[in-house]
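Here is the structure we will look at.
Chain naming follows the written order as A, B, C, D, E and F, and within any one chain the residues start at number 1.
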Amino acid sequence: MPLDPVLIDTLRGISTATLTMQLLNRGIRRSAMEGVRPLVPMKQRLVGEAFTLAYIPLREDLSGYAVLGRPDYAPRVAIEQAPPGSVLVIDARGEASTGIVGDILVARLRARGVVGVVTDGGLRDVEATVPLGLPIFAAGPAAPPSISGLSGAGMQGPIGCGRVAVIPGDIIVGDQDGVVVVPKALAQEVATSGAEQERLERFIQIKVLAGAATPGVYPADDLTKSEYKEWLAAGEPKEW
Amino acid sequence: MPLDPVLIDTLRGISTATLTMQLLNRGIRRSAMEGVRPLVPMKQRLVGEAFTLAYIPLREDLSGYAVLGRPDYAPRVAIEQAPPGSVLVIDARGEASTGIVGDILVARLRARGVVGVVTDGGLRDVEATVPLGLPIFAAGPAAPPSISGLSGAGMQGPIGCGRVAVIPGDIIVGDQDGVVVVPKALAQEVATSGAEQERLERFIQIKVLAGAATPGVYPADDLTKSEYKEWLAAGEPKEW
Amino acid sequence: MPLDPVLIDTLRGISTATLTMQLLNRGIRRSAMEGVRPLVPMKQRLVGEAFTLAYIPLREDLSGYAVLGRPDYAPRVAIEQAPPGSVLVIDARGEASTGIVGDILVARLRARGVVGVVTDGGLRDVEATVPLGLPIFAAGPAAPPSISGLSGAGMQGPIGCGRVAVIPGDIIVGDQDGVVVVPKALAQEVATSGAEQERLERFIQIKVLAGAATPGVYPADDLTKSEYKEWLAAGEPKEW
Amino acid sequence: MPLDPVLIDTLRGISTATLTMQLLNRGIRRSAMEGVRPLVPMKQRLVGEAFTLAYIPLREDLSGYAVLGRPDYAPRVAIEQAPPGSVLVIDARGEASTGIVGDILVARLRARGVVGVVTDGGLRDVEATVPLGLPIFAAGPAAPPSISGLSGAGMQGPIGCGRVAVIPGDIIVGDQDGVVVVPKALAQEVATSGAEQERLERFIQIKVLAGAATPGVYPADDLTKSEYKEWLAAGEPKEW
Amino acid sequence: MPLDPVLIDTLRGISTATLTMQLLNRGIRRSAMEGVRPLVPMKQRLVGEAFTLAYIPLREDLSGYAVLGRPDYAPRVAIEQAPPGSVLVIDARGEASTGIVGDILVARLRARGVVGVVTDGGLRDVEATVPLGLPIFAAGPAAPPSISGLSGAGMQGPIGCGRVAVIPGDIIVGDQDGVVVVPKALAQEVATSGAEQERLERFIQIKVLAGAATPGVYPADDLTKSEYKEWLAAGEPKEW
Amino acid sequence: MPLDPVLIDTLRGISTATLTMQLLNRGIRRSAMEGVRPLVPMKQRLVGEAFTLAYIPLREDLSGYAVLGRPDYAPRVAIEQAPPGSVLVIDARGEASTGIVGDILVARLRARGVVGVVTDGGLRDVEATVPLGLPIFAAGPAAPPSISGLSGAGMQGPIGCGRVAVIPGDIIVGDQDGVVVVPKALAQEVATSGAEQERLERFIQIKVLAGAATPGVYPADDLTKSEYKEWLAAGEPKEW
C-alpha cells in the first residue's frame, strides 16, 4: 500500500532537525545517519519509503565482473524492483571509498519513479550523475566500482546504514542536515507533532529576531505558549 | 553433510599465516578478519563450518529487553540451531563496545556441541565466560548487553565480520594470529597445499636455525627444493 | 559523607555486565567506558566514588615542565585531595598516546587510600607501576609524560571519560570487562536489583550447564521464575 | 576590557596560514583546530575573543528535553551572556553527529552582537541557519539536537575544541582554511609580525608570478630582503 | 621522454570511474586514492605523469623554520625540478591537518608548467591558492605549515598517497570522483579499452534514458552489443 | 662505527618514560611511537641503532608471490644486511592487519645478531615467532603475508614508524611502555641526564613510599634536591 500523500506532504515540511527531536522525545535517540550527506542539489526535502539493499565486504570469488550480469544478483534486481515513490537505501557498511551507484543505474531508478538513493558508501561518476537530478545521499564521491570493495548480499531485509537501523517500509527523510529514519509505526504521530513544533518555532524565531531573550521563550514557557496561541488564532501570515 | 574429519584435522595443523598465503595465491586477498582476536586460551586451532548470525545498529523500539524473550528472535534461535561442530560467526558491524554473548549463552553453545564463537563485537562477562573454555574470538571485553547497541536481524545469510565476507558453510580457522575464512569450495585444495607448505617451512626453518642465509632458501629455489625432497625421503623426524 | 560500606560490598558482588543491563532497564544506555581496560591484575572488583580531574589538549605555553611544580596545578592538587576510598577518574580526552600517571603518583595515591585510577589516556612506567598493585584502568601503556600532549584544566567538575559522563560522586565499578559509571542517585536501587539478577542468573546457569535449552529459561518465564523461588527457598548452596 | 579595535583590524588582515607559522616560530605547534570548517559564506575573516562553553558525553538523566528549559543550564546561559564582539567556542568533544546550535540560538547570538560560533560538534538546521549570515565553524551539518549526544557542563573554563586548547579570552581567527587560536598574551606580537610576513609574501608572490625561482626568494635570503625593503620604500601599490 | 599527447588526450576523455573498472579487470583493485578530493574547480580532467615527493612525520630538530631555506631540502628541490606536464604527487602520510603547499609554491609550479598537485595532506591558504587555477587534490584545507607536522624526506622514489602506491612515471588522472593511479605499463591498454567502455556506456545510457530495463542492457548481452555496433556504424552523434 | 657499549648500557637503565621527558625538555615532543607494543617477553630493555626499511601500499603488480624471491627485493636485502647490534625498524604505514615478518625471517635476524624488530605493521606466526626470543614491537598479531597489503620500497632512508620519524642511526629504546626514538645527536646527552633523573626519582619514590606528600618533592624543590645530594653522598644502596 503506497504511502499516504498527505503524510508525505506533511513530512516534507518538517526539517530533519525537528524530526530527530520528535523521535528523541519518543525514546529513539539513534535516527540520523552518520557520514551520509546530500551530493545532489535538491529543490525540496526527500521523503519516501525505504526499499533496502545489503552489501557485505568484498570476497574476490563473489565480486568478479561477471556477477554484475547475473539476473539474480541482488543489487541489479533491486534496481528493477524498488517501487515508484520509494527510496533505495543501500547498506555499504560505511565503505566510503567504494562507489555504489553511477549514472546509468541512477538514470534507470529515476525512470522507474524511485525518488532517491541513500547509502553509506560512495557515489561514482559524480559529474555524469548529479545532472540527472535524482536526490542522492552518500558518503562522498568515489570512483571504484562496487565490486572493488563489496559483494551484493540481499534485498528487503533489515539493514544498517550510517549506523542507523533501517527496516523496509520505514520513512526516509533527507535534507541539507542529512538523512533521518522514521520508524513506520511512528510516522503519522511524528508528522503531526513535528508540524506543530515547526509552527511554534517560527513564532519563537519571530520573537528572537525582534530581540527577545531565549529564557522562557525557547523552550517556550506557559506565557510564551499562550502568546503563540493568540498569534495562531490571529492567523499565521501565509507568506512564511 | 558434516565436514570431513580428515579435512578438519589437516586444517587444524595449518597456521592462519600459511592459510592467508595459500588463499592469496588463489586470488583471495581478504581472508583474515580485522580487529578480532582470541579471548580464551586454546589448546589447539579452532576449525569448523560457519553458522552465521547478523545484527544491525540499535533502534530503541527493536532493542528493548522484551525482545530477548521472543522465540523467533534470530540471535536466540541461532543459539539453539547452530549444529554440533559449527562455529557461530556473528556480524556485529564492528561495534567493539557492545557485548554480543556472555557466559550463559556460551555455556549453552558448548553444551550443544558448537566448537567456537567469532564476532567483530565484544564479549560480556569475561570473568565467567573464559573458564567455560569454548574458543571465542571477538573485538575485546565489553560489559553492555547486545541490545544496548545492536538489533538482531537474521541468520544463515551472507555476512561480513571483521571486514571479511562469510558465507554459511565457509570454513573458519582461528589461532593466536586471528581468524581466517576459507571459502568452502577452496577448502580441500588449500588444506592439501597448505600442509605441504608447512612441511617445507619446517625444513627451511631447520636450515635457517643452523645458520643458512635466506636467499635461495626462503623462498626455496630448485636446489633447496631438491634438498627438501631428500630430507622428506629420508623420513621427516616424528618428534617435530 | 563516605559511601555506605554495605552498598560498596553489594556492588562489588555484581559484574559490570549485570550493571549495564540494570542501567539500561532504567533508561541509561551509555554507562560503559569505551577503550578503557584494566592494566593491573585485581583480586576483586574496583568500587568507589568518582573524584574527577580534567585535561584539555596541549598548548605549549601551558604544558612546560615548570607547570608540574606549581602548587595550584590541578593534576597535582587532585593527587593530594582525592579522599580515601575514592577512585580518581581522569578525562584525558581519549589521548591514548599520552601517559597520565606513573609510578610515583600512583604510589602517592595508594598511600593516601585512593582505591583506583581510571582514565581514557595512557599509563606511564608500566613496569614500575603495576607492582604497586593499585587497580588502574587506562587506554594502554604510553611512555610520554602528560605535558607532551595535554594540559591540566580543573578538578571535581563534570567530565567525560571513555565517552561516558562522570559527575563527582558517581559510583565507579571496574572488572575484566571494563569500567561502568553508576549515577549516584541510582546506586542503591541498581545494587539491590543487580544482586537479585546475579542470583537468578546463577540459577539459570546451573540449569543450562545441566542441559536446559535457553527458550523460557533465559530470560526466565513464569515457570522458570517459580522454580527459581523454590531453589532460593531451599537455600542457595553457600559454596557458589 | 574589550579587545583593541586596531588589533582586531590587523588580525583580520592576516591569513590563518600565516598565523600558524608565526605561532610555530614562537613554540606553539598546536594552534589550528582539526575537523572544524566554515559552514557559512563569509565576507571577511572572523576575529574575536573566545567565550567558552563545555559539553560532556550524554547521560540520559542529564540530557532530557526538560533540561533545555532550566534557567541555569550552561548552554542557555552562555547564549545570553557571551558579550558583544566575542566568539562562542563550544567543546562538543568532537561529536560531529550531534547538532550543537540551530537557527533560533544563532539568531539570538547575532542579535546580541556575538560575532561567530566555533565548535567541533555539528550544526543543526543548516538551511535555516546559513541565511542568518553569522560566521559558523563546525564539524558539518547534523540534524540531532545537542541532548541526543551531549550534556551541557559549564562555561568560561578552559576547554578543548578540535584538539586545540582554548582559554577564555584567547583570540579566535577563522577563514577558509579553518580556525586558529592565538593565546591572548601573544596576540599583539603575532599580529605585528604576521602583518609584516604578509607584506613580504606579497612581494615574493609578485616575483614568483613574474617568473622567479623559489630558492633564495622563498624563504627570502639577504638579497631578496634588501630588494623587498626597496620595494617597500618605493611605496607598496595600494590596489593589491 | 614526455608522455604521448594522444595518450594524454584519450585518458582525459575517460572518467576515473571507468579507469578503476578497467584496472580491476586487469587485477588492480587498489587504484583510487582515499581521502583525497579536488579543491580547485577544473575545466577538464587532470592527466599527467607522477613526480613524487615524500614526507615523514615531524621531528622538531628536522622541521624548524630554517630547513625551508636549505637549497637541498627535498620539498623545495621538487618544486624546481618537477618537469612541465607532470603532476606533483606528495606523500603526506595522510596528515590531513598539515598544510603541504600554499599560494606561493603553487604559483611557482604553475609558472614551471606542472599541471597539477595531488597530496593526502592539507592545502594552505585556500583563499589565495584556488584563484591561481592549478588543479589541486588534497585532504582538505589546513592552515598549519608543513613543518608543523611533517619533515621532507626525499623525492622521485616510490611512495604511498591516499593508501595507493605511486611509482614515478605512473599516470595520474583526477576528476570530481578523485584521483586514480594508472601504472605506466598499463596506460596505453587501459586508455584504449577505457575509451571503448565510455562509448558503449553512452549507448547504454541512451537506451536507459529511453526506458530500457537494465537486465541484458547493463552489462550488455550479445543482443545489446550488436545493437551497439549498429549504432556505432550509423555514426555516433558528434554533439554528445 | 658501532655504538659505544657504555652508552648502550646507560640507555638500557633508563625507562622510555624518562627518555620522553628528557627529549621533551630538549624540544622533541614526538618521540614515542603510537600503536606499537612489545609482543615478545623481554628480560631487559631493547637498545640499538636503527636500520630502516620502508613499505608502500600494495599494488597487485608489485606484490605478487614471485617478488619475494628476487635477490634485490628490499625487504629481503635488509634481512641480510642489517648489522649485528642494530634494530630493524620497518615503516609499514600503520597497516596493522598486514603481517610484516614471521618466524623464519626473525630466526635469520637473530642468527645475524640483529637485536630487535620494530614495526607499525603486524607480526605473523606469533605462536612460532615468540619462542625465538628476539624482542619484537609491532601493532599486534596478523596472519596475512606482507604482500597482501604492502610492497617493499627501499631501505636505509628516513622513514616514519608509529607516527615518529626515524633516521638510520637513531637510537631505538623499547620497554613495556613501547618504543622511543632518540635522535643520534642527542643520545649521549639524554643518556647522561636521563640516568640522573632515574636516580633522583628513585630517591623521590623512597620518600613517597615512606609517606611524603608530592608538593615540593615531585618535582623536587631546592630542599628536596639538597636532601637528595646528601642521600647520594651517603651512598645509594646497591640492591636497588
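The rule is short, and it goes like this: contacts are C-beta pairs under 8 Å (C-beta built on N, C-alpha and C of every residue); 3 or more make two chains touch, one makes a residue touch a chain.
This structure is a prediction, so every number in the text was calculated from the model and none was measured.
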{"item": "Shared interface partners, meaning chains that touch chain E and chain F", "value": "none"}
{"item": "Interface composition of copies chain A and chain E: same or different, split at half", "value": "different"}
{"item": "Furthest chain, CA centroid comparison against chain D", "value": "B"}
{"item": "Geometric centre distance via CA averages, chain C-chain B, whole Å", "value": "32"}
{"item": "Inter-centroid spacing, chain E versus chain B (mean Cα positions, whole Å)", "value": "39"}
{"item": "Residue numbers of chain A (touch at least two other chains)", "value": "29"}
{"item": "Chain-chain contacts as defined at top", "value": "A-B, A-D, A-E, B-C, B-F, C-D, C-F, D-E, E-F"}
{"item": "Residues of chain E touching chain A in the complex", "value": "15-17, 19-21, 24-25, 29, 31-32, 34, 37, 175-178, 180, 201, 204-205, 208-209, 211, 213-215, 218-219, 221"}
{"item": "Touch list for chain B against partner chain C, complex", "value": "65, 68-69, 71, 76, 79-80, 96-97, 99, 102-105, 107-108, 111, 124-128, 140-145, 147-148"}
{"item": "Interfacial residue positions of chain F with respect to chain E in the complex", "value": "27-30, 56-62, 93, 151, 153-154, 157-160, 163-167, 183, 185-186"}
